[in-house]
Every structure is written in C-alpha cells, then in structure tokens.
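Letters are used for the chains, namely A, B and C, taken in the order the chains are written, and counting of residues starts over at 1 for each.
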Amino acid sequence: MNFELDNVPERTKKPRTNGLTMVMDKGLSVRQAEDLVAVGADYMDFIKLGWTTAYIVPQLNEKLAVYRDAGVHPYFGGTLFEAFVIRNQFDDFLRVIEKYGLEYAEVSDGSIALPHEEKCRYIEKVAQYATVISEVGSKDNTKIMAPYKWISLMKAELEAGTWRLIAESRESGNVGLYRESGEVRQGLVDEILNEIPSEKIIWEAPLKSQQVYFIHLIGSNVNLGNINPNEIIALETTRLGLRGDTFHNFI
Amino acid sequence: MNFELDNVPERTKKPRTNGLTMVMDKGLSVRQAEDLVAVGADYMDFIKLGWTTAYIVPQLNEKLAVYRDAGVHPYFGGTLFEAFVIRNQFDDFLRVIEKYGLEYAEVSDGSIALPHEEKCRYIEKVAQYATVISEVGSKDNTKIMAPYKWISLMKAELEAGTWRLIAESRESGNVGLYRESGEVRQGLVDEILNEIPSEKIIWEAPLKSQQVYFIHLIGSNVNLGNINPNEIIALETTRLGLRGDTFHNFI
Amino acid sequence: MNFELDNVPERTKKPRTNGLTMVMDKGLSVRQAEDLVAVGADYMDFIKLGWTTAYIVPQLNEKLAVYRDAGVHPYFGGTLFEAFVIRNQFDDFLRVIEKYGLEYAEVSDGSIALPHEEKCRYIEKVAQYATVISEVGSKDNTKIMAPYKWISLMKAELEAGTWRLIAESRESGNVGLYRESGEVRQGLVDEILNEIPSEKIIWEAPLKSQQVYFIHLIGSNVNLGNINPNEIIALETTRLGLRGDTFHNFI
C-alpha cells in the first residue's frame, strides 16, 4: 500500500487458496500482458486465456512466460478442452498441456453435450497432468438448471478430483449464474452455498454489480473470475471496501 | 496456429479479397498500434482511423508506418471526406490522400446531405487517387431507407468505381443496418444479398452478436468492419467456430 | 493539426481555465499512462486517479511523473478523502497531499454523510495545501436532490474556496446529473447554469451521449470530466464538430 489507512480488511496473500482473482485474457499482446502484471501481479492469481484464444494468439510462449515470471498461473479456457473432445482429439489436448507446461487446466461442457459421468472421467484423466478447475453451467441461456442439479454436479466433480469449481457466466456475465440482464440468480447462489464450501468455488463475475454482490455476500476474500484486465485495480479496491459500492462494508 | 485441431474451417490468407476484417482505430498511440499488429497482423486487412481522428492524432505518420510494415492497409474514416466536402475543400482532401500516400480512401454521406449523383461523381474522382471504399446508410437513426433504396445506391456506387461497399453501423452498432437496440435488420440484409455479391460488402459489425449473425449467415469468410482492436483475436476464433456462439457451425 | 480544415471552432490552449478535460485513470500502468499522454497530452488538463486507486496502484510516483512531465495535473479521487475522513484520519490525508506534491485535491461526500458546513470547513482546510476541486451530488441514486439544493451547496462550496465544482456521475454515468439510464437531468442542468457560471463547473460525462449533450448546450469549450482514457481523441473531435453527433454545430 502506498500510505496508511486504518481498518482496511485483511486480504489473503499469494500464494492464495482463498480470495482468488482470475483475470480473463481474450487476446492481449506480450507487452499488454506486461502492463497487466505491472499493476496487477499482487492482486491476481490466475489468468485464463479465454476460450480458444490460445490456439491462434501469436507469441504464446512469450506471453505465458510473462505471466509465470509475475507469479500468475496461466491456463486455457474450457472451450479449448471441448474443441478437442468434440473432435475426438482428447489425447492431443493432454499433449498441449504438456507442451506448454501448464500446471492448471479447465474442464467444461458449456458448448458441448457431455454425459456427466463422462465429464467426471475426463476430470480424473486431466487431473493426472494438471490441477483441474472445472466449470459448471451452460453457455446457453435457454438451458436453465435447477439448484439441486448444480449442487449434485458440483459434488460429483469435486469427488472426481476438481480443485476449484467455476460457476459459468461467460465473458459477458449474462448466463449460468446470471439472468440475461446480468442480475444474479440469488436463490441459486444461496442453495449452492448451503451445500458447497464457498472457497471451493470461483464465481465468474465480469460485471461490477456482480463483483459487489459476491463481496457483500461472502466477504473481501471471495474467489472471483472472468475479471477484465482493466478492472484489476478497481476490483481490489472494491474488495477492500474502498469504493462507493462497498464503502460501508467494513467500517 | 499454435497446435493442431482437426476440421477447422479454412480462412482466406492475406492479401485477401474476401473474409476481410477492418478494425476501427479511434485514437491509438503508436505503441498501442504496435500492440494491435503484434497479435492481429495476420487477422486484419484494414485499419480505419475512425471519422476525423486522423486530423488531430499525434504521430500520424509513425502510426501509419506501423500498420503498413505489418501488412495492414490504413485509411481515413468517411467523415473526414465529408468534413472537407462541406467546407468546399474537396481538392484539399485529395492532397491529404497524396500527402499520406494512402492507397485506400472512404467516400460517405453519413453526416451530410449529398445528392447521390454527386456522391458518385466524388467516387469517380477519388478513384483516380486511391481504391475507393464507399459507405451506404445514414448515421441518423431517424433516416431509415427501404431495402430497394439501399440496393439501388449500392449498384450505382459500384458502377461509379467503388471497390467495396461498407454498410453503415457507426462505432456503436445501432444505426443503418441495425435497430437502435443493435439488432440486425434481417429483412434488409436478405434483400441486399439477393442483389449484391456478398464479397463486395463489408458489414460494419462492432457488437459480438452482429459478428455472430453474419458468420452464421454468410460463413467464416464474411467481410466484417468496425471491429474493436481488443476483439481481433476473439473475432478470429468466432470465424473459426471455436467460440461458444459459433461452436457448432462447422462440425 | 495534421492538415488544414477551415471553420473549425477555436479550442482554448493549455494552461486552460475553460474547456477543461479531466480523464479518469482507474489503474493504468506506467507504460499505459505514457501511451495516454502520447496521444492526449494537448487535449487533457487533469487526470483523476479514480476513487482510492492511488492507495494500491504500484509505481505511483513513476506514474505521477509521467503525467506531470506531459503537463497534465494528476489528483486523487474524492473517495480517498472520504476514506480518510470516515477513519478520523484527515490529517493523514493532508500528509498524503504533501508526500506526493499534489497541486490539486478533491473533496467530496459521495459515499459518506457529512453535514454541509463540515464539508465546507474541510474545503477551507484542504485549500491551504492544494487547489480544491469539490464534488457535488451523491453516488447513491436513491438520494435525489432538488435543483435549488444543488445550487445552494455549489454556492457555499465556491465561497469556502473551491476552485472548480464537479457534478457527480460516477465512472458509469448513471447517478447525480443523470438518470439511471444515463440520460441527462436537463431541468437540473438548466437551473444550475442559471445561477452558477458554467466555467466553474466540470461536468462528469463518461458516456458519449452526455458529452454531446453538454457540447451542444455550452459549446466546444465546456469543462468535461470522467473521460475514458481511450476516448480522449474521440472527445476532442466531438468538441471540434468533427464527429457525426456534432457535425453541424459549427458550420
């Protein structure tokens, strides 16, 4: 901190197991990645190379090195896993994990129909190569799941070896956990929290109103994901109760 | 590509005549332009210096050099042409084309009232100095043209020497081709495509939903314009059927 | 300007007392700050390090130096003042002003309840250390003030030593001066302008429609604030009547 302010809530320090921030990189250049970690290295734990951008982005190895040197774990979006699976190229996906030395990998079924037992078997297999983050919830807003269904899927995926569950929102924050307007499905969140430890979940929350909602509900050290690179400092002030929306949280 | 994925649709290669991407620069610095081409050079064909930003942006020559060195054609937004015409300075506009060695120039009437025959004469004149891209459709959402009118204007402009037609949307994607909500005027698009070869048209599509619409309708190699610099990698994955919205297009 | 256009309205030159542009920095890196001034130095007068971002952003001194070297005055958002006051650390706030050699400081009550006489006493005290910019209007959209109230607060703050008044909008442009939709409260603006000289007010106007509204109402040289760093060139063209929205203002 640049100067002293009393009564600022304590944030967990890196390497964190709780209070995680996952930022979404949807095609930054190497220099833009350097800019991001120049301000955000202390405040971000993971960087997701969104969906399949890792397939086409130039200078991928150089970018991964920038993130790693700053102590930020890179991983590839779950849509990449799905793109391999739907092409019967799952083994090639494992080769990609090895080729880029990825310590984390995402398993999801947001864009493909995958029997849940099969998804859990994929989690088990990927877990032999990397720490698995698995995503629950469809990218299709017409496929709304009841809360009990979310919970049973989450439990099964934890049992299969998932390290952290990601609750789907897309980059735009309007599916899965959220209504089309971006509003949080509060009943769904409450039921999930009643059954699953909150530290096991990374809530995708790209919109400020969604970040504020979860910080009010769970506290400064909630796990949040799909954060816009430009918002990393803003989010940290929100976590600390130092922005209008959360100003009275901790005082 | 960084690794192998089967059954990814083939994209045209540079120099492209179809499957063009035109990105909108609304005031990038030289270094930001370098960042853009570092990730996007292979995926973008044109960069439009939006409306009249070329008039005031510092280090204009340096920025143009960055784009040219990366094999991306820069040109100035049509509003600049209109700003010269409304001041009776059309000859000075031709001097600007020469001064900056521009190979492409945009002719439009989005902000001024110009009899269409006069617009076509301007197209003929500009075509003696640069390859002309001409824009059809008003920036004023209260001026809605019937489809037959769009088509007759487009045909006349092609006859006058236009190389590619641009269908207006503004930077915000809510006029011309689109309703105020950003939704595509589908009937209009269908009628245009019935009369004008799609490769002759660059569809301004700044919003993701608009890009997805045209990729579904016309395919990976549709010409798209007014793309945000931050979205160049994202758009390319969408063209390739590797993002949720188009995931099942090509499989 | 890069070439000659006739009949472009005259803009005030730096150091300006009117026609001011204040840009919002919500966590730029040092290099991103360099990029901003590379295009914007001539067009921006102030840079606000939004709310409390100055508390946590790395390399703060280096960033302040970049702005100062470009002739742009940096200052810290009013929420930082409030964060000190609510903790009974007002003297420490004055130390921060001294430590960073700030020539300007913002006093506000957007997130805390402060009797207005007390706010004015703070203005008097801060004015002994820096030129005061004070902000009127709540960040809470449920607290709507009548126009006569805005005016009496503004007059009292000018009397207490405020150099410029800022009319609140937040970063999102949907409170204070604006309805939740972002639309301007026009009656409020008219009544304020009837009583307070417009050059004394910086209108926070983060959305393009808001910028256009005030340029139409007051002219090219209106004072505007909370401008997005990416929009500095765009705003300047709008001021000059060289963008669709203001194209016919000056011709």
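The criterion applied here is as follows: contacts are C-beta pairs under 8 Å (C-beta built on N, C-alpha and C of every residue); 3 or more make two chains touch, one makes a residue touch a chain.
Going by UniProt, the chains are A, B, C = Phosphosulfolactate synthase.
Not measured: the values here are computed from a predicted model.
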Taking all residue numbers used at the subunit B (Phosphosulfolactate synthase)/subunit C (Phosphosulfolactate synthase) interface, answer same if over half belong to both copies and different if under half do.
different
Here subunit A (Phosphosulfolactate synthase) maps onto subunit C (Phosphosulfolactate synthase) under a C-alpha rotation whose angle in degrees, rounded to the nearest 5, is 120
Measure off the straight-line distance from the CA centroid of subunit B (Phosphosulfolactate synthase) to the CA centroid of subunit C (Phosphosulfolactate synthase), and report it in whole Å.
34
Mind pulling the subunit C (Phosphosulfolactate synthase) residues that touch 2 or more other chains?
31
Residues of subunit C (Phosphosulfolactate synthase) that touch subunit A (Phosphosulfolactate synthase) when the two form their complex
26-32, 50-60, 79, 82-84, 86-87, 89, 92, 95-96, 99, 110-112, 139, 170, 172
Quick one: in the complex, what on subunit B (Phosphosulfolactate synthase) touches subunit A (Phosphosulfolactate synthase)?
1-7, 31, 34-36, 38-39, 41-43, 208, 230-234, 236-237, 240, 242-244, 247-248, 251
